[in-house]
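Listed after this line are the structures, all set down as structure tokens.
Heads up, the next two complexes both have subunit A, just with different partners, subunit B and then subunit C.
So, the complex of A and B:
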């Protein structure tokens, strides 16, 4: 048993998929974002330039405020608005680092889109298979609609949900020390992971 | 020598018979002196009841009581007053909220309460709706993960996890970097593919044990194709065929899960890493089914030391390199390494078991 975890996110080409009429908007949004990131990755001169330029499209497609809120869970309501803003900023840094750590200029995984499904009104799951360096990864993108715009609220790689993983960590911190422990842990991990 | 019936031989079965009959008689005798559950009271005095029928007849002036409802004081008896019955609580109205997100179990006092089922979302992350958080965020279904493994020895696990992390940081991570530096990517992929190919019996046997003969057939096709056209498994030719490429791997632990064996507690093993109790046994099963182990442990053929190393080394190195990469990805940007790995392990195993 090997957990093949790579976080490729949004690197294209190869699109095969049957889009359901109701989920088409979500799929199109995902595909256009992926296309955008692929162009950047292929055209990047080096890693630093790649990381700098890929952040903008990633921030547009990934809904960091919702992801932070769900990762922190019950403690979120107890945070002050300033703390909430700080938490979203820190979490964004953390996730972007995770994603961009594996990017190599010119090296893109190919993605195959499978039929998407709607779990609830305004919520869509798009399963894909990502072929990267000879290995296949099952990646499911969970998207939600907010004010007419679709964004990714969770990425599930080989069954491991990003938000659920962070939620289990934050829950333990919250239980041990409340919101102070949560903020402290978040600040520490951003400071350490460079 | 023919057995002759002697008094001793005859006496042997008779003795238990006597004892048995004695018990019968004595039981009968005890039964005769058993008191009836009734008590005859006449003006407060107890009168012996001779009538042993179900309900004794009584003369006028006499009152028949159940013995349990009378307090005896010498020869007189006074009935124990029955306590006032407590008022039964009025059945509360069933508390069934009909909102979209959930329904709450009705009050237990009401016998007619309906039992409502917590609707779990069908999302791939496998979580169900939580109480407080869903009021304003229906998409938050991470409150109660449906898959958890108990962790009763967490302090021990954390200790071993810390040791493993030091091992990773000072030994395996540098080794992995060297491995990647020394061997170019195509070679590493070839090794990885060959190792994966050799593990075919693990997947094949477990597909059969899980009653999936079609999948087992596909695994066999994949193995044969990669071994022949893929030069001993180095090239994964099967990736070109979608039907073969999408066959999901399985292992002994997943078979145990299919058979309904509970997962047991969470254990972090030195070097090997985290496994549930069931998965540990499954891991042993995987090693037993892996042909490379047969050579390594001298079960098949007479390989010399160097040859054994040639078989076992790629196995170890290929698998370890993957594990090191995964560990790095999981923990590099984590809040708490231990919980990050634990949560990822549990979720991934749930997916593998459902494949």
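So, the complex of A and C:
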């Protein structure tokens, strides 16, 4: 009886310990990826070489399949497996192209990590402040653990979530023209970004 | 005798009117007028500025619930907002909740956008994918004081390269 009463008390430090460990694992994963990207940006000779070599580490840390699914939202379930696969490919190209276009060889923001918080089991939010070309940006990285590996599933810049922003656009397309409209919007965005 | 009966009736009528006003105030204020069964889910915001119990919860512009409670999580100082939603609404577990304002100076409300997960949110579950209230003042502040940061950054850069 006593042990049953004491069990929650005994388990509490253990659970807090687990939460701390997961926070640390996610933080280390993010920090090592940022360090890897920074090394590439600093060592790149020109913009083309930089964009080509930065893609691999970005694809490793960003979970594009989850991001695509969440960005499309309710329309995702209506897509055929082939369309889902195509959508992930297009969305990956779109995000990588949009964000690597901002990179300049040798020019990196200074990042400051704030204490992370575990929002649910297997989910960690890491708030950061980036100082880039004289402007300060608040960026929150939402990370999730899948099969023992941590990856980024959403980025919140100045309070605006990437997934929420794309979801509002794709959902409007889906409501007006169904799955074909979603796929068309994706193909158009990728074609325009070229 | 007849006179006092009339007075009594008037008194009762006034009391009934007051009771009706009180009932409506409470019901409208907390939003319990959403018919049928309801369930509660929590959502975690970094900043729930302007949200208070009774605020509307909208999905595609339709009221699907009300804010029941707003409290602070002492472990990380985030805001935990309890939403009471109509049980007719089945939300995928990766749904998002955002703090929005109707118009420029309008009331704050919570906007829900459903996700794509097969699993649905169960009563008591927590929405972790959220967007907090956009702080206009701090954005204006950043624009106004951006030049100060710039100077500091240039000075820092002259000594050592940025990491």
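Here are a few things to note about the model shown:
In this text, the second predicted complex is superposed on the first by the 172 of 194 C-alpha atoms of A that agree within 3 Å, B and C clash if a C-alpha of one lies under 4 Å from a C-alpha of the other, contacts with A are read in each partner's own complex, and residues count from 1 in each chain.
Just so it is clear, a contact is a pair of C-beta atoms (placed from the backbone, for glycine too) under 8 Å apart; a residue touches a chain by one contact, two chains touch by 3 or more.
Note that the structure is a prediction, hence the values are computed from the model and not measured.
After superposition on subunit A, the partners subunit B and subunit C collide with one another. Contacts of A:72 after superposition: subunit C is touched, whereas subunit B is not reached. When subunit A is checked against subunit B and against subunit C, the one touching more of its residues turns out to be B. In the superposed model, A:154 makes contact with both subunit B and subunit C. Contacts of A:186 after superposition on the shared chain: subunit B is touched, whereas subunit C is not. Residue contacts after overlaying the shared chain place A:136 against subunit B and subunit C alike. Looking at the shared chain after the overlay, A:38 reaches subunit C, while subunit B stays out of its contact range. Of the two partner chains, subunit B is the only one that A:97 touches; subunit C does not reach it. Legend: residue contacts after superposition of the two complexes on their common chain; A:55 is shown touching neither subunit B nor subunit C.
Touch criterion met: A:109 reaches subunit C, while subunit B stays clear of it. When the two structures are aligned on the shared chain, A:163 is found in touch with subunit B and with subunit C. One listed stretch of subunit B collides with subunit C once both complexes sit on chain A; from 112-120, 292-300, 310-318 or 328-336, that stretch is 112-120.
Overlap of the subunit B and subunit C interfaces on subunit A comprises residues 69-70, 73-74, 119-120, 123, 125, 127, 131, 133-134, 136, 140, 142, 154, 156, 158-161, 163-164, 167-168. Those residues of subunit B that touch subunit A in the shared complex are 121-125, 127, 132-133, 137-140, 142-143, 145, 185, 189, 192-193, 236, 239, 245-246, 251, 253, 279, 283, 286, 319, 322-323, 325-326, 329-330, 332-336, 339-340, 342-345, 347-352. The touching residues of subunit A, counted against subunit B in their complex, run 1-7, 66, 69-71, 73-74, 94-95, 97-98, 101-102, 119-120, 123, 125, 127, 129, 131, 133-134, 136, 138, 140, 142, 144, 153-154, 156, 158-161, 163-170, 172-173, 185-186, 189, 193. Looking at the complex, you find that subunit C touches subunit A at residues 44, 46-47, 75-76, 78, 92, 94, 96, 98, 113-116, 126, 128-129, 131-135, 139, 142, 146-147, 149-151, 153-154, 156, 162-163.
Residues of subunit A that touch subunit C in their complex: 38, 69-70, 72-77, 107-111, 115, 117, 119-120, 123, 125, 127, 131, 133-136, 140, 142, 154, 156, 158-161, 163-164, 167-168, 171.
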